[in-house]
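There are two complexes below, and they share chain A, which is joined by chain B in the first and by chain C in the second.
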Partner chain A sequence: MQVLIKRDQLNHAVQHVLKAVSTRTTIPILTGIKMLVTDEDMTLTASNSDISIECSIPFEEDGEEIVNVMRPGSIVLPARYFGEIVKKLPEDTIEIDVKENFLIQIRSGSSEFQLNGLDPEEFPRLPQLEEEKVFSIPADILKTIIRQTVFAVATTETRPILTGVRWNLHNGSLSLVATDSHRLANREANVETSEDLSFENIVIPGKSLTELNKILEDSDQLVDIVITDNQILIKYDKVLFYSRLLDGTYPDTSRIIPQSFKTEMVLNSRMFLQAIERASLLAGESKNNVVKLTSRPGEEVEITSNTQEIGKVTETITPASIQGDEIKISFNAKYMLEALRSIDSDEIKIGFTGSMNPFIIKPTEHDWITQLIVPVRTN
Partner chain B sequence: MGKIKILDDRLANMIAAGEVVERPSSVVKELVENAIDASADKIEIVIEEGGLSSIKVSDNGHGIERDECRLAFERHATSKIQKERDLFHIQTLGFRGEALPSIAAVSRLELKSKTRESDSGTRILIEGGKLKEEQEIGMPDGTEVIVRDLFYNTPARLKYMKTIHTEVGHVSDLINRLALSHPDIAFILKHNDKILLKTMGDGSLLHVIAAIYGTSTAKMMVPLENDSIDFTLKGYVARPEITRANRTYVTTIVNGRYIRNYPLIQAVIRGYHTLLPINRYPVSVLHLDMDPVLMDVNVHPSKLEIRFSKEQELLELVEGTVRRALEKQTLIPEPSKQSAAGRTSIKTEKPVQTDLELTRKTRPESASFNFQVKGTKDRPTPKEIETFQKWVQPEPETETTGMIKEDSQSNEWNADFKNPVPDQHPENGEEQTENKMDQAGMAGENSPDRLPVLDPLAQLHGTYILAQHEDGLYIIDQHAAQERIYYEYFLNRLKQDTIESQNLLVPIHLEVTAAESQVIQENLDLLSQVGVHLEPFGSNAYVVRALPRWIPEGEEEAVVREMIQMLVENKKINVVQLREEAAISMSCKAAIKANRYLTRPEMEALLDKLRESSNPFTCPHGRPITIHFSSYEIQKMFKRVM
Partner chain C sequence: MKDRVIFLADMQSFYASVEKGDHPDLRDKPVIVSGDPERRSGIILAACPIAKSWGVETAEALWQAQQKCPHAVVVRPRMQRYIDVSCQITAIFEEFTDLVEPYSIDEQFLDVTGSRRLFGDPLAMAQKVQQRIMEKTGVYARIGIGPNKVMAKMACDNFAKKNENGIFWLTRDKLETHLWPLPVHKMFGVGSRMKRHLNNMGIRTIGQLARFPLEKLKRKWGIPGHILWMTANGLDASPVTPGTHDTQKAVGHQMTLPRDYADEKEIKVVLLELSEEVGRRARMKGYAGKTVAVGCRGADFDVPTGFYRQQKLDEPTNDAMDIYQAASRLFDRFWDRLPIRSIGVTLTQLQSDEEYQLTLFDNQYKKRQLGHTVDMIREKYGATAVIRAVSLLPAGQALDRAEKIGGHYK
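Right, the complex of A and B next:
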């Protein structure tokens, strides 16, 4: 294999596939990036336990030549070094030449590198997916709905299914749910699909979605999504992004979200967020950053936090509106901050059903997003 | 045949003086040692109230002749030493000839003794050192000494006695050691009519171990045996899952005598290497035999401490023998020892059907797997492993900088890369032969020091691999497993690195204490010999200009400080130990963490490589890698078998 390639395009593609490279793994070849050059195109591929990313580099873009193939072929490059090298090569054009025994020569201007590669035949093949269940959604919306849910997934593997975001699709409406059992994020969105397409219990690892979001840009370009029994494939621009799906049945969350409330209040998002941020300043090292919210009808809402060795903080905030019973409830400030940051709305509505029950946070403007938090029991 | 001679004063003074009678156990010690010296093969010790009210030691030894009974109570009367030279050839336990008179001075002592040659025995009674009675009696062959009311005439000493419990503890420790030293002597120890120890005297050390530490511990003992020109070593070491909180369970016996020698104990512990958890110590009993010329037993009057000439040779023999004995074992801890204990009393040689070792040739596809693995070869080649390990060498979390800028650095890395040194790796060599064996379909490859070929079932909490084999369920800690694999790799590599120094781009500034500074100043040469180049930098501060290459990135200062600490404490630098620590730290960083999902092929690859490691049972920190539930235990838990 021998090619001349423009550094910026190569770097762009390498940075994409690097997201799927295993840094720590038990299978040596997965720490590499596979480069395949045919007479038609050039692709880079990387795989880890959750995802595989394939990124193609066109031979020509806007009339400019990007890749010049002297000799087609393939090689597995050591990702950790290759990524650094490409970033720092001096000239616009890079020559990659694969010699005997997978020895790779990389030249650019006056610098020349020799790297040991691995046999591309050993690299795992990407799955061939049946493209039966396909729908489309603009990249920016996909990016947003992922951001609004993925933070709520469980980060420990004790209940593996909870480390994923559950996707359901019915009547063109996509519903995403994530929960670590202490809080829950729910987001609905309309997608472009054939009328009869529906699916349930598709659970995508949170980690995969976080990586996907690093690749997606805020554009309205349509993303095609293919769902199979154990894989999801996202086709975006020149990227094919594969993720495994989690095994198992996602818990039924439909009845967890309360529909009627004993106390309801409307607050200015930014003021409330800042008040919670200040209240959690005194949490110190402790993980359980507990904040207490107290309100009586017609009065200001009071937020307090009390850390024994450090001190006490009291914040008051005037609600835009408040109705129902008085409430005194404690919750983890971190959950509240993450929920509030995910809602892009000037005003939020909080609905309580008692100090021991989960409460919800929603934007006032629409119903697409619901954040739910389970309170902390204090004595 | 008069056996007892009086030691001349000069000789007496050569012997380190010391108080013989400190507490009941010291009395017991002297009396039992006398019995052993008298070639007894049955010794009974009966104590009352921790020995303060009465100590009775009876033996079936050669006895004392009538006219010598009284002589035995004169200071420095001994039958055991003839000439000055003898002190360095001492084989018997007592040799000062001062025990009996000292004991008799602080108690009411009754001695009965009969030799085989005479028809009757002698009984004498001494109180506070004065002879009260002497008579002829009928009795079996042997000697019986009863010491009553110890310290009755020295109230000051009596005051120092601890609780009865403590005194009994001392006596029982003592008899345990003597029993371990003399498996051919039947010991019985009773306290207030309760039997504390009973050994058979059948010559089996393992039976003594069972009598003292219990049969379940005895079952976990691994035998060992080895010798060199000067030393013979024999004994048992416990598998590393049996550990204790202190070193006192490491018993060393030299020429039949229990001794405490710190370097020797350390050698045993080093033999366990990384198998022991931190701050845990093994159970072991080692018998060493050597020409008495090679030891000086008189370092300490209590005769427990000893010094060896040719110490280094001895320590290496001990460490190496212990290590090899353990390496031969399947060192997988099994759960529920208790249920397992009652099941087989002694492992008998049952016929074992050997079977084909069916290693993975193709990886089964799994629904949750991300991609299909292509290829006929399931194991990475040594070169692949080598290259891979270069790729994943731990680096600081921050982005690498200066990859190209620093030409020297990249060249060096390139050089490394091109020289994958596979042939110098013993384990790689093994790996290849083993591949061949697999291909040839060799039977019975399940040697006890290996893991069987395991079939992963699932992952538990993203942290443990559950795997099965015919003989049950295995739980493998994924981090510990890969840590072990990397540890062996890095250690090998570090060993190959010469003490070549690398100049530092940014010198390390080191502040030290005045005392440390002094030590550094004195040892600048030694430091540069191990590749550390320091320059003074004002008072109590140094600049590190160059370091050996094996020190892992980010740990430079810590390693240098550890070297200085070693200099302060031991006046030398143990590079081997430091490299080992470096390998441990590098392997820990490179290994997959807990709470991380693994695909089935990843699990398989890990299990296969673990199987090839030289010790698949404990991680370099000494924690277990693998836990095994045997099929039998599982059946038992479900009450499918009784």
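Right, the complex of A and C next:
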């Protein structure tokens, strides 16, 4: 294999696939990036136990030549070194030449590297997916709905299924749910799909989605998503992003989200967020980050936090509207902050059903997103 | 820091002295407090000075002690009584100062800096304290006096215990003349291993350690090295904190089994009973813990086996089943299948149970209510009013243990 390639495009592709390179693995070949050059195209592939990423580099872009193939072929490059080398090479163009015994020669300007590669035949093949369940969604929307849910996944492995985000699709409406059992994030979105497509209980590892979001850009370019029983494939621009799905049944969350409330209030998002941030300065020291919210009908909403050894803080906010019973409720400030930051809306609506029950936070402008928080019980 | 006046009061042969106080007829006889050899807890917990003069040592086996002193009166420990007397002694100390810190069951720190106006100079005050304890409990207290806690402790261990009147005041000017010539292992915080390390560095006396370059000690041991040097120089800023024993770090239960257990099912019974007890005690003190640890020791003394392992939980808990499930998982993973002699369960990373995060899929509140209800039934009708059905199996220890404290009869 011998090619000439533009450094910026190569670097861009390498940075994408690096997200799937295993840093800790017992299988040495997975620490590498596979480069495949045919007469038609060039691809880079990396894979770990959770995700695989394939990124293609076009031979030509906007009339400019990106890749010049002298001799097609393939090689597995040591990812850790190759990634750093490509970033630092001096010239715009790089020559990669694979010699006998997988010896790689990389030349750019007056700089020349020799790297030991690995046998491309040993590199695992990407899964072949049946493209039956396919739908499309703009990249920026996909990025948003992932951001608005993925933070709520469980980080411990006690219930492995909760480390993923559950996707359901019915009647063209995609529903994402994530919960660590202390809070829950729910996001709905319309997608482009054939009328009869529906699926349930597709649980994608939170880590996979976090990596995917680093690749997605804020563009309205359509992303095609293929769902199978144990894999999901996301096709975006020149990238194919595969992730395994989590085994098991995601708990039924449909009845957890309350529909009617004893107390409802509308607050300015930014003011409320800042008040919670201030209160949590002192709450941070206690284990549960506890902040208390108190409100009586017709009065201001009071936010307090009290840690005996440190001190206390009290702050009032005037709600845009408030109705129903008085409420006194404690919750983890961290969950509230993350929920508020995920809702892009000037005003939010909070609905309570008593101080021992979960409460919800929604934007006032639309119904697409629901954040739920389970309170802290205080004696 | 300004020098304070700190007492460390140590109760001579505490358990044995309590027994003698309660049974005046034993006053002039060698008395040994020992566990029950039938239940394999037959080691010497305490020996009175008369028994010690025959060579009896604490922590040796009962049969060894009896060989040295065949006419010794062997008494079974009554743990609740010792705890009660220890609390009674704390109450006596509190007549002199509000700053009393129980350090162990038979050692307590007192900060009497502010009490001198009321009770006179430290030596006279110490004498009064000593008299009061003797009158009230029959226990002989030795009192070390110093400008801070480590000096008081070293004054007691090295001088007061050997003094005629059981009192020694280690003032700063006596540091060089009295403390420094002592071998380094006489210093508080230096065990046999540390003694070896220090000796290898050419440090044989406390004085040599005190004059050793601090930087070298810090480089070798970090902060612990710094503390060693400070102790040798009689420096210690730690306050006497009443209630140190109230803010606990762990709740644990360990027991030596009446026979070796080799059957997994039998061991699990004990594991559940221990979890139950740990949960109960955590609830009683208003704690929930985030880490569960299990330790066990193999039966064969010649081939020491066993493990101590811990696991972090998602939620702090004080529920017996939560603790048991974690303990059980740990046990399954680390048990080597050899018979075991003793086993213990510990709940650590304690935090107040006053507030706790509720969860979506598990009713924390109900679990706690159940636990507290069972606790209340037991408090009213006795520890065995409600027990788990498995405790009725031959492996069960709950009924037997209900009569004991720390594995010894109350």
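Definition applied: the second predicted complex is superposed on the first by the 375 of 379 C-alpha atoms of A that agree within 3 Å, B and C clash if a C-alpha of one lies under 4 Å from a C-alpha of the other, contacts with A are read in each partner's own complex, and residues count from 1 in each chain.
In this section, a contact is a pair of C-beta atoms (placed from the backbone, for glycine too) under 8 Å apart; a residue touches a chain by one contact, two chains touch by 3 or more.
This one's a predicted model, so the numbers in the text were calculated from it and none came from an experiment.
Annotation: superposed three-chain arrangement on chain A; chain B versus chain C shows a clash. By the document's definition of touching, of the two partners only chain B reaches A:231; chain C does not. Contact with both chain B and chain C is seen for A:156 once the two complexes are overlaid on the shared chain. Number of chain A residues touched is higher for B, counting chain B against chain C. Look at A:378: by the touch rule set out above, it reaches chain C but stays clear of chain B.
Contacts of A:290 after superposition on the shared chain: chain C is touched, whereas chain B is not. In the superposition on chain A, A:79 makes contact with chain B only, not with chain C.
In the overlay built on the shared chain, the residue A:118 is in contact with chain B alone; chain C does not reach it. Superposing the two complexes on chain A places one region of chain C into the space of chain B, and among 76-84, 130-138, 184-192 or 256-264 that region is 256-264.
Note: residues 156, 158 of chain A belong to the chain B contact set and to the chain C contact set alike, using the contact criterion stated above. Those residues of chain A whose C-beta lies close enough to touch chain C in the complex are 156, 158, 179, 181-182, 184, 251, 253, 256, 287-288, 290, 330, 332, 356, 358, 374-379.
Partner chain A is touched in their complex by these residues of chain B: 367-375, 377, 380, 384-385, 387-392, 395, 399-400, 403-405, 410, 413-414, 417-418, 420, 459, 461-463, 482, 590-593, 595-599, 601-603, 605-606, 609. Partner chain A is touched in their complex by these residues of chain C: 313-314, 316, 351, 354-362, 364-365. Residue ranges on chain A touching chain B, taken from their complex, read 23-29, 31-32, 47-52, 78-81, 84-85, 88-89, 111, 113-116, 118-119, 121-127, 155-158, 160, 163, 205, 229-231, 242-247.
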